[in-house]
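Heads up: the structure comes next, in structure tokens.
All chains are identified by letter, namely A, B, C and D, in their written order; residue positions are counted from 1 within each chain.
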Amino acid sequence: MSSKGIFRLLFFGRLRDISHNIDENQAIKDEIRSIKDLTSWLDAKDPVLGKELVKPFVLVSVNKNIVKNDYIISEGDEVAFLPPVTGG
Amino acid sequence: MSSKGIFRLLFFGRLRDISHNIDENQAIKDEIRSIKDLTSWLDAKDPVLGKELVKPFVLVSVNKNIVKNDYIISEGDEVAFLPPVTGG
Amino acid sequence: MSPLKVEVRIQSNDFDIEMEIENLRLDLANIGAIVTFCGLVREFECNEAGRNLDVLSKLILEHYPGMTEKCIEDIVKEAANKWNIEGVIVVHRVGTLNPNEKIVFVGVASAHRLEAFRAAEFIMDYLKVHATLWKKIVINGEQKWIEPKSSDHIKFQSWSD
Amino acid sequence: MSPLKVEVRIQSNDFDIEMEIENLRLDLANIGAIVTFCGLVREFECNEAGRNLDVLSKLILEHYPGMTEKCIEDIVKEAANKWNIEGVIVVHRVGTLNPNEKIVFVGVASAHRLEAFRAAEFIMDYLKVHATLWKKIVINGEQKWIEPKSSDHIKFQSWSD
């Protein structure tokens, strides 16, 4: 497993409550290159969390911009899983 | 000319500016029974004012309720000519 | 359903919107949304084509005491027949106002925002064409009564479409 | 046309609407209309069928610092592309709130009321479904994340119809 840099992994709302065992600093590696890879890796690590991440309306942002599943993570990126918002 | 009681005659907005020579207390008489009579009487007395009173959107109220031209004025009524409103 | 709370005031002095809202909320339960409208004296009066006329120096507002309040209360009741609203405050200033001063305030409290938005807009549209208030402007030392805007009448009509 | 004045603040403390409006009006010329929306913590949370659930004891609001402000600024810019508006202030509170406390404020200043009404409603609708804010309620000592309302998504969609 070759590390290709560290990225930050954040969870908000209900997702944060069930992701306390996931470290905020994660390494880019062969199994974690795209957002899709990251979701699969998290699902393998914690199926309860993994199930929540693929629910409808859960979005992923990188550096505070919404991205698609095929986004390739770079060193220093801030990746966040965002459950459906309920502001206002 | 037999007096059948006194009513109050008010003008608002632009109509007030051109009706200063009209007394606020007026007597109900044979020529002034309905609102229509009153308008005609005012027109005969002051054609400049009379012309303004029949312009579109000029309303007449009696005791603070909008009335039609055929309303018969009673003693003690408060009759008001209301030019188009411009509040807000 | 609780009865509608209505307050209508015609006054010459200014008002504080935070205080009006606190007043509106008093004794009302489970309010989720408050929509307010505040009208201000604009520095330029525009004609119907939208072109700026001269700079305004004063606005003079006149009302028909007793009738104006009644007109506005009727408008508020009509709004309450159309939408679920819990409370309404309308404050309209009269007398001489300078540019940038507040003229009118409408505050609507409701459980939900959609109804508060609709009711506030309806009350303002209705007030513009039905409340016995008259505006005179002072421009270059000359007084001139304002003509009603046809756009206000058209906008008001749209509520019954 | 003057550039749009935009202020977006996420804060835990309360706000004074009169002061927010004065702030909004500062440096803006020829404003004729200010429309504000203020959202409050309701004492009862209703389910989608509109039935009251238990009495709420607390509301906890969480945001994504930096991103939430950016989301709201984007919404305001989109509103300014649709309507002629001169200034917008949005204040959203986060942290722990009690029933009847203010949560959110939207103030829109414009020359004309129609544009201010539309823009304020649009910003609120958009904020409800697009700004990264999450609500948790505390009922009978238990915390529960609030589910998004399908009605909010439907109302938001109606702007593109």
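Just so it is clear, contacts are C-beta pairs under 8 Å (C-beta built on N, C-alpha and C of every residue); 3 or more make two chains touch, one makes a residue touch a chain.
Here the structure is a predicted model, which means the values were calculated and not measured.
Enquirer: Spell out the chains that contact chain B while also contacting chain C.
Expert: Touching chain B as well as chain C, we find no chain at all.
Enquirer: Following contacts chain by chain, what is the lowest number of steps it takes to reach chain D starting at chain B?
Expert: 2
Enquirer: How many Å are there between the centre of chain A and the centre of chain D, using C-alpha atoms for each centre?
Expert: It comes to 28 Å between the two C-alpha centres.
Enquirer: What whole-Å value do you get for the distance between chain C and chain D if each is reduced to the mean of its CA atoms?
Expert: Centre-to-centre distance between chain C and chain D: 23 Å.
Enquirer: Measure off the straight-line distance from the CA centroid of chain A to the CA centroid of chain C, and report it in whole Å.
Expert: 50
Enquirer: When the centre of a chain is set as the mean of its C-alpha atoms, what distance in Å lies between chain A and chain B?
Expert: 77
Enquirer: Could you list the positions in chain C whose residues touch two or more of the other chains?
Expert: 39, 124, in rising order.
Enquirer: Show me, using the given definition of touch, all chain pairs that touch one another.
Expert: A-D, B-C, C-D
Enquirer: Quick one: in the complex, what on chain A touches chain D?
Expert: 10, 12-14, 17, 57, 61, 64, 80, 82-88
Enquirer: In the complex, go through chain D and note every residue touching chain A.
Expert: 39, 61-64, 66-68, 70, 92, 103-104, 124, 127-136, 145-149, 152
Enquirer: What does chain D use to touch chain C in their complex?
Expert: Residues in contact with chain C: 16-19, 21, 25, 29-40, 42-44, 100, 111, 113-114, 116-117, 120-121, 124, 155.
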